[in-house]
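Some structures to go through are shown next.
The following pair of complexes shares a single chain, chain A, combined with chain B in the former and chain C in the latter.
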Partner chain A sequence: MGRYVARRLLQMIPVFIGSTLLVFLMMYALPGDPVRALAGEQAVDQAQIAQMKKDLGLDLPIWQQYWNYLTGLFQGDFGTQIATQRPVAEVIGDAFPITVRLALFAFAFTAIVGIAMGVLAGLKADTFRDRGLLVVTLLLISVPSFVLGFLAQYFFAHQLGWVEPNVSALAESHELILPAVVLGSLSLAYVARLTRTSVAENLRSDYMRTAVAKGLPRRRIVGVHLMRNSMIPVVTFLGTDIGTLMGGAVVTEGIFNVQGVGYAVFGALKSREGSTVVGIVTLIVVVYLVASLLVDLLYAVLDPRIRYA
Partner chain B sequence: MTIIDKTADVPASRGSTDGGGPLLDVRDLHVEFKTRDGVVKAVNGVNYSVSAGETLAVLGESGSGKSVTAQAIMGILDMPPGRIPQGEILFRGQDMLTMGYEERRKIRGQKIAMIFQDALSSLNPVLSVGYQLGEMFRVHQGLSKKDAKAKAVELMDRVRIPAAKERVDDYPHQFSGGMRQRIMIAMALALEPDLIIADEPTTALDVTVQAQVMDLLAELQREYNMGLILITHDLGVVADVADKIAVMYAGRIVETAPVHELYKRPAHPYTRGLLDSIPRLDQKGQELYAIKGLPPNLLKIPSGCAFNPRCPKAQDVCRTDVPALLSVTERDGGELPGRRSACHFWKEQIHG
Partner chain C sequence: MPEALEATVKDGTPVAPDAQVKAADAAKAEKPRSLWSDAWHDLRRNPLFVVSAILIVFLLTMSAFPGLFTSADPRHADLAKHYLQKPNWGNLFAEDWFGYDVQGRSIYARVIYGARASIAVGVLVTLLVTVIGTVTGMLAGYFGGWIDTLLSRVTDIFFGIPFILGAMVVLTSFEQRHVWVVILALAFLGWTQIARVARGSVITIKQADYVMAAKALGASTSRILLRHILPNAIAPVIVVATIALGGYISAEATLSFLGIGLEAPTVSWGVDISSGQEQLRNAAYVLIIPSIMVSITVLAFIMLGDAVRNALDPKLR
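Entry: the complex of A and B
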């Protein structure tokens, strides 16, 4: 077990380097120039720009730039934004907690509502209730999240007036509920469907028949015997979903004006702030890796047939 | 509508309990399943009874309705698509089919328990065997977790699982096939039920382990004076442990007899065919007999006797009239207790 965890943690190093390199190269390949962007529409002196680039180290070959970035990173230096002169670490520090809260709300919504819906449908597979769930989830899967986001904003903020259309800079918890629901709705559909299938399948298994034959009360049959087995695939999905929710918040944060990671990445992308984009994406990758490690460990807890050595 | 055996129960049992009357009495049971292709008539009027301490072997091919009958008794049929349009299942004189869910649940496991064929899939893979055994005591007797575990160890000892104390927290996949089946048996025995239904308990095991498991089951049955319904297609297993046999075909009982009588003189061509298809040492080198054809399609059971398309002795009457399960007598009319046959030509079969 300990060895397994150690191996997995060591595996994160190449993944970490690889993903930073990839994002770094992509930023480099993008057209546009952060120094040029500072000047906007105005005409500027080419020599001045060249000087600024030299000061920022942007005239170096890409490999050297990457090396400098990486060495900086290992010393805890995420770099500095060119336009605002703010350290990237500070930008991340402001944005990350908001997105983490948003993602956690969305995750809780996904897990609780999705599993509940899936269990209700799976217990009565192929009934009206089940078909209803299928239609609802199909709708959630096929409607893009920005459409859903604008619709939710229109109804709940503009028509009903229950919430403010935009989330304030403080991003209080109650303000994040609607964005979290929109953000989590796609995953919700997947979780509900996965749970439904898993429950319906396990319901037909031999050990469920045994549980009935043992004369157990119904809530115990479902709550203990059925759920323990049905949750195994769902937990796997939920784990990887944490990363997806954090990364997928870009659109939702844009719609509701949540000043989180997505907002910051989007801004940085527009002004070609390479170090900001790489820093944030890398952090999301790390969250993803840690979440999937936790899921794999939880997997062994849920299913005793799986043992790690 | 299928024609029903209007005959009374199967043979009078030897050791009746509770002031007469058998422990379990199945009367004219019908079970059907609704499918896309039509209604599958899996059980078509089964009558049998079991008394305390008695072993009834139910014999038949796959699809003959023997397991479905057992599931109907246990109340674990999938309904829908299953349906019991007709019949009674009396346990100590009370019809279980008219009971409420809770009443029925209390009988399951406590009064009637079941042993399933494939112990690996029938045990929950993610719960330890100790938990699954202890659950019986926790649910039905309200014991604490700790006491239930102690009871589980005791049970595992009783079915002779070595090192029970160390293994109580192991999971089903960590046991061998024979040990798993012992755990199934232990689970069924936990609350010392009056009746155990064993649905092909040894089919998934290899031959040496089969014998051990059967011996264990027979021994425990004697010890607790339980009724036992042994569902099997293995005639060899039956001969050693059963008191009486009911042979099923296409959802009906075609012959009942005390165990040794049946082997000596079968009164139904189907039983004859089954006995002839047992490999025998003294016929080494000869071709093994097999009953021609396939079991009938339960969507379209042949008219008359369901066995007629495969029967070597079928006559015109077999294709039109359903034979009732009637008492079989000696040539001189002397009574043969417990023997019945559902064949128009049982006389020729048994005496010819």
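Entry: the complex of A and C
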């Protein structure tokens, strides 16, 4: 087990370096200039721009810039924003907890409601209830999440007045419920469908018949025998979903004006603040990598036949 | 039972001599149906497939020949017809059916003409992604060893980057974002899922007896890959690609909504949704109508993907 985890952690290193490099290249090798963006529409002295670039290390070859960034990163230095002179770590420190909370709410909603819906449908496959679920999930998958966000905002904030249309800068937990439901709805549909298929398939298995024949109470049959065996594909999906939710939060945050990482990235992209964008995307990639490792470890808990050497 | 034979028997009419010959021919040709003809047989009987296919043909016609549906010009702006003049819901298929947007352009005409950009993005991204993903996955799965390790790590790298966020980073670098820029950006980030599916599928197929037989008979690697592996490994790829197509249309709309996808003067549903959000309180339909179009299109492709999967996956039969 320990060796397995160590090997997986080692495998993460090239992926981590590769994705930071990729985002770094996308940010710096493509056109767009943070120093020039600083001046906006005004005409600026070329010599002044050149001097500023030199001070910021932006005149170095791209590989050297990347090396400097990476070595800084391993010392916990995310760089400094050019326009505001704020350390990027501080910007991330402000924005990240908000998005993490939003993503966790969405995750909890997805997991609890999705699995419940899936089990309810899967237990009675091909009934009216099951068909109804299929239609609901199809709709949730088809309607883009930003449209869903606008509809939710329109009905719950503008028409019914139950919530404020915009989330305040503090982003208190109760304000994040509606954005989280919108954010999680797409994954909810996938989780419900996966659970349904898995439950319906396992219902026909031999061990289920044995459990019923042994005369076990129904609660135990469904709660232990069926659930534990049906959860493996769902857990796999949920594991990769945390990263997806954090990435997808960009859109939801835009609609509800939540000042999380999406907001920060959006601002940084407009002013070509490379270090902020690379820092945030890197953190999301790390979240994704760690989540998929945890999922693989969870397999052994769900299915004792799986052992890690 | 082959179609010709079935038809003559069902009709119950005396079988004409030439039909008899045909039926005999058909019977001679009768052999176990291939996966594809079997799937096609299933699909034609699936209402989900029929509905989605009709919708898709309709949408493709709309994007190829928008002039068939409206004579109005989607770019013609008449401020006198501003959005505060409510839509004329009863006036079906007319210029003012869905009313006008903030610049007085016919929403109906814009919705019709907007199909082209959205569907072009969806279809072309899917084609590119399928080619890149299948080639990568096939090479990794078939050759294994260090080629697999290298290609799989590269796939992991691209897979870990959140799709919309990555696309935002790429797209903000471009001053002019016309359709091709958006297509290439989405394809650049989107191929990983197909690569993983293709790799898994190829690894299973390459151990099949017919691949061994082809090898033993001295077939070249390219022949084995193209004639034996590809046709047998492609089914799951097609399923994933069909479902993903809807996702790309949705992604294009999302990026345009964020202001970093397609831009005016390109007419697209995403662009219209983006400009409609400012009137959400007064005239929600300016935003809702193109949103419904996006949703219907995505729904059609996802239903098609579902139907194709049910037909191709023997486990569900």
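Convention: the second predicted complex is superposed on the first by the 309 of 309 C-alpha atoms of A that agree within 3 Å, B and C clash if a C-alpha of one lies under 4 Å from a C-alpha of the other, contacts with A are read in each partner's own complex, and residues count from 1 in each chain.
As a convention for this text, a contact is a pair of C-beta atoms (placed from the backbone, for glycine too) under 8 Å apart; a residue touches a chain by one contact, two chains touch by 3 or more.
These figures come from a predicted structure and were not determined experimentally.
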Looking at A:His174 after the superposition, I want to know if it touches chain B, chain C, both of them or none. Which is it: first, second, both, neither?
neither
Let me test your reading of the model: by the given contact rule, A:Met27 touches which partner, first (chain B), second (chain C), both or neither?
second
Counting touched residues of chain A, say whether chain B or chain C comes out ahead.
C
Contacts on chain A seen with chain B and repeated with chain C across the two complexes
none
With touch defined as at the start, can you tell me which chain B residues reach chain A in the complex?
74-76, 101, 105-110, 113-114, 116, 118, 121-128, 135-136, 139-140, 171, 173, 187
Could you pull out which chain C residues touch chain A in their complex?
153-154, 156-158, 160-166, 168-170, 172-175, 246, 250, 253-254, 257-258, 260, 273, 277, 280-281, 284, 287-288, 291, 294-296, 298-299, 302-303
Can you check the complex and tell me which residues of chain A touch chain C?
14-15, 18-19, 22-23, 26-27, 30-32, 138-139, 141-147, 150-151, 153-154, 158, 243-244, 246-248, 250-251, 254, 265-266, 269-270, 272, 277, 281, 284-285, 288-289
In the complex, the residues of chain A that touch chain B are 205-207, 209-218, 220, 224-225, 228-229, 232, 302-305
